[in-house]
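First, the structure itself, so that you have it in front of you.
Chain IDs A, B and C follow the sequence of writing; residue 1 opens each chain.
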Amino acid sequence: MSTTGVVSPRVATAEGQALTQRKVRIGEVVFRLVLQACLLIAFLFLVWLVSYAVVRGWKRLDSRLWENMPVGRISRIDSAGVQSAITGTLWVILTTAVLCLPTGIFGAIYLEEYADQTKWYNRLLELNIQNLAGVPSIIFGILGLGIIARQFGLGFTVITAAIVLALLVLPIVIIATREAIRAVPQSIRQASYALGATKWQTVSRQVLPAAVPGIATGSILAISRAIGEAAPLIVLGAVTFVTTNPDGLLSKYTTLPIQIFNLIGEAQLGYQEIGAAAIVLLLGIVLLLNSIAIFVRIRFQKRW
Amino acid sequence: MTRTLRRIGTLPRIGSVVAVLAMTLAAAACGGNTSTTGTTAGAAKLSGAVAVDGSSTVAPLSKAAADIFRETQPDVSVTVGTSGTGGGFEKFCKGETDISDASRKIKDTEKEKCTAAGINPSEFIVANDALSVVVSKENTWATCLTTAQLKKIWNQGSTVNNWNQIDPAFPNEPLKLFGPGTDSGTFDFFTAAINGKEDQSRADYTPSENDNVIVQGVAGSKGGLGYFGFTYYEENKDKLNVVKVDSGGGCVEPSVASAQDGTYKPLSRPLFIYVSNKSISKPQVKGFVEFYVSSIDDIVTEAKFVPLTATQKTTLAAELETLKKG
Amino acid sequence: MAVHDITTPAAGSSTSLRRGRRHRGERVIEAFLVVAALVSIATTVGIIVALLQPTLRFFQEVSLVEFFTSTSWTPTFADKHYGVLPLVVATILTTLIAIAVAIPLGVGAAIYLAEYASDRTRRAVKPVLEILAGIPTVVYGFFALFALNPILQKYWPGNEKPGFFNVMVAGIVMGIMIVPTIASLSEDAMSAVPRSLREGAYALASSKMQVATRVVFPAAISGIIASFVLGISRALGETMIVTIAAGLSSDKVIWNPIEAAATMTAYIANVASGDIPVDSIDYTTVFAVGSLLFVMTFALNVLSIRLVRKFREVYE
């Protein structure tokens, strides 16, 4: 009958439908509508959420938000901003990235390229990482409080927050990097070895460059996750009222999610509006990061 | 399928990314406040950090103080946390904070921990508070409640869930209770004053650490009842009615006057800050505390708290002198 | 020239060609990589150590029986009870509501994307789903409390309206948060089902709906179930949404979702950031609850790995 081996499902469906009863066809339509509704409901919530935040925060969505510091006096609400939270977030996230990206990428390289999968300790390592990916973020906060802040004496500072967040998103980086490395075909590696390259040369000059889009996507998503985290930082006592930008890793700090958490709970409407505006700002940042990740994946994705 | 093997390795790429990150970090650092060691106090420019933590009731006062202080001393970074009165003391006694906000006096056990760590807390009463019992605007019947009635509502084991159980004259309206969480010094104080023992309270009310939630909750339910500090009532007068409290001498409404002269019983209380003797030697802390004390009137007005009486102010100044000496 | 014996190094074997000098350098690099991987072990060890000692102290004061069977959790009140059931039930209740929302929406969206949507639609829609997944949970909490709850209160049938805080609104919003996880993973699983299975079914005159529900869905079941378990795990551990919107009441076990109830995570968040003196027994409650939470998510994770392994069908 048809010459090509691949039959598009739509054609098949049309033929299939022609052969089935009428009542099934109505069921088909309903089914499809239900599925579309599922997708639509999820989208509607997203639209509702974003527009609610925008409407609530509209009055404060101006340069005051990033130019000004939080104010401690109700009379000066009009000139309040969240600059300390923005810079605090920048400080914490950049430090987090510096800590977790190399560790995660190199750890993943070990697991994918060097580790003997049959050995029990490597399997334990894998299991451990998969488990950590599912541990609630607040538990990481407890870890930070008990060991890093108190035992190591680092206190409630930028570096403690960065370490805790780095440990939190480390499994994401490792898992994403592993996926990316795994997607590189063996033939690339074999060709490299065939030309006399060492293992590390193969990894660093062939495998990794090929896996960069996947690694980049995973890293950006991990950082995006870290930016939005508030729970572990609450436990770590991210100070609520900070009017200066951090000036070192041992500074006290606040971050956007923490500021939002506090602002929306304040009694004055003015504070709540700033909080909503800060939400819009945070959403904008997260949206930007996610879009970059998606762009990187689509643009640089290799088809093997 | 075959690809040309690339010349540039991955390591230089990673290296350049790290370099960019490092440069951004440095740029952010340059844009932020620089902190150097403090100079002599007084009119001279101070710099450094002052760590304040503790009660969320007193925090607005400290935040206002920090804000006004920043106008004259922009290089001093005053941070104000709200770990609660007890949590604040804990950090204070560990030397992690310089000033502790408190909505109750320091306990003896807490004081012992401090002195054991070499920290002597100096107590300053900075404002008065009149803990206000509030109901919704639609509540026209509960204009005055006795302390006995309040205890009946709030005590541990209470099953009161309707207004007409409090007073048969009240309408048949379900009672919806809101209040601070158990972490709050306000909760500690209210339970001690009304129920007789600190932390002794019925547990089936809607607790919240955010006073705004209590405001919204009470304002939104006809039968709502809640309590919090006077400031929050003052700011939400348009949404809430305040309940006068009768502790045996007639119904007294919380106000600046009744809090200061003590007639609003038993729910008027002083609010404290505690300063560590170790911290006062830091010029920026000394500068901030001096400012706090000398400008207490402005600060209290800004934060809409109940101001100090004249006697309290004299005591305050005297205590500051003692601290500076010793 | 000598012919080198080219053995293809399988991942993990170290029999690639090396020269003596690079051999040492390779070793150093390998050691460095191992250390990086070991950070994850250090994290788990750290978590266990941070949790274990205070938990042990807790159980010296409170019996295991009371912890697991008493139905009131009031460590911060004067009348102290240490039964964890109210927290556990609240956690499970919010999780159930969340997956009741997320599974239909997520699977429905996944089937649509995998079987019905055109390539263009899929490429446009998937990123948007991922964005939904990236929204910070504090924003979801804000949305639940201020936007969704008033609507819920207004249109709720019957006399009993949902409270200012309630389990239901937190659960619903958590469900929305988890939809992308379930949709994305299920869609991946369904897309991985080879075309040949579908085509075989079409060749037998099946309709699209029949193919989707009777061929693709069962074939992808292991991935779909894995997505459910992952979603449950996320819901269990979620903190901000429940802290903001579900309330702090833990004095009794609450089964009615329109009431407020504290989940395990909300309790930890509140107490750990607050007032309780560190050395008291009440502070160790944080760690006891934390340990329980850790054990629950660990068990769930092991289950999910097992499930995936058991049902995985390997396609050529």
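By definition in this document, contacts are C-beta pairs under 8 Å (C-beta built on N, C-alpha and C of every residue); 3 or more make two chains touch, one makes a residue touch a chain.
None of these values were measured; they are calculated from a predicted model.
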What is the chain whose Cα centre is as far as it gets from that of chain C? B
Contact-richer chain pair [A-B vs B-C]: A-B
Whole-Å distance, chain A centre to chain C centre, using C-alpha means? 15
Rounded Å distance, chain B centre to chain C centre (Cα mean): 35
For chain B, write out the residues touching at least two other chains, lowest number first. 83, 209, 213
Mark out which residues of chain A touch at least two other chains, giving numbers and ranges. 102, 105, 237
Which positions in chain C touch two or more other chains at once? 273
Name, in rising order, each residue of chain A that touches chain B in their complex. 71-76, 87, 90-91, 94-95, 97-98, 102, 105, 155-156, 187-188, 191-192, 195, 204-206, 208-210, 212, 237, 239-248, 251-252, 265-268, 272, 304
What does chain B use to touch chain A in their complex? 1-3, 5-6, 8-11, 13-14, 18, 21-22, 24-25, 28-29, 31-35, 49, 51, 53, 59-60, 62-68, 70, 77-83, 96, 209-213, 215, 232, 235-236, 302-304
Mind listing the chain C positions that touch chain B in their complex? 72, 74, 76-79, 163-165, 247-252, 260, 270-271, 273-278
Where on chain B does chain C make contact in their complex? 83-87, 89-90, 110, 156-157, 176, 178, 181-185, 191, 197-201, 203-209, 213, 216-217, 220-221
Contact set on chain C toward chain A in their complex: 4, 6, 8-9, 11-14, 16-19, 22, 25-26, 29-30, 32-34, 36-41, 43-44, 46-47, 49-51, 54, 104-109, 111-113, 115-116, 123, 125, 127-132, 134-143, 145-147, 176, 179-180, 183, 195, 198-199, 202-203, 205-209, 211, 230, 233-234, 236-240, 243-244, 265, 268-269, 272-273, 286-287, 290, 293-294, 297-298, 300-302, 305
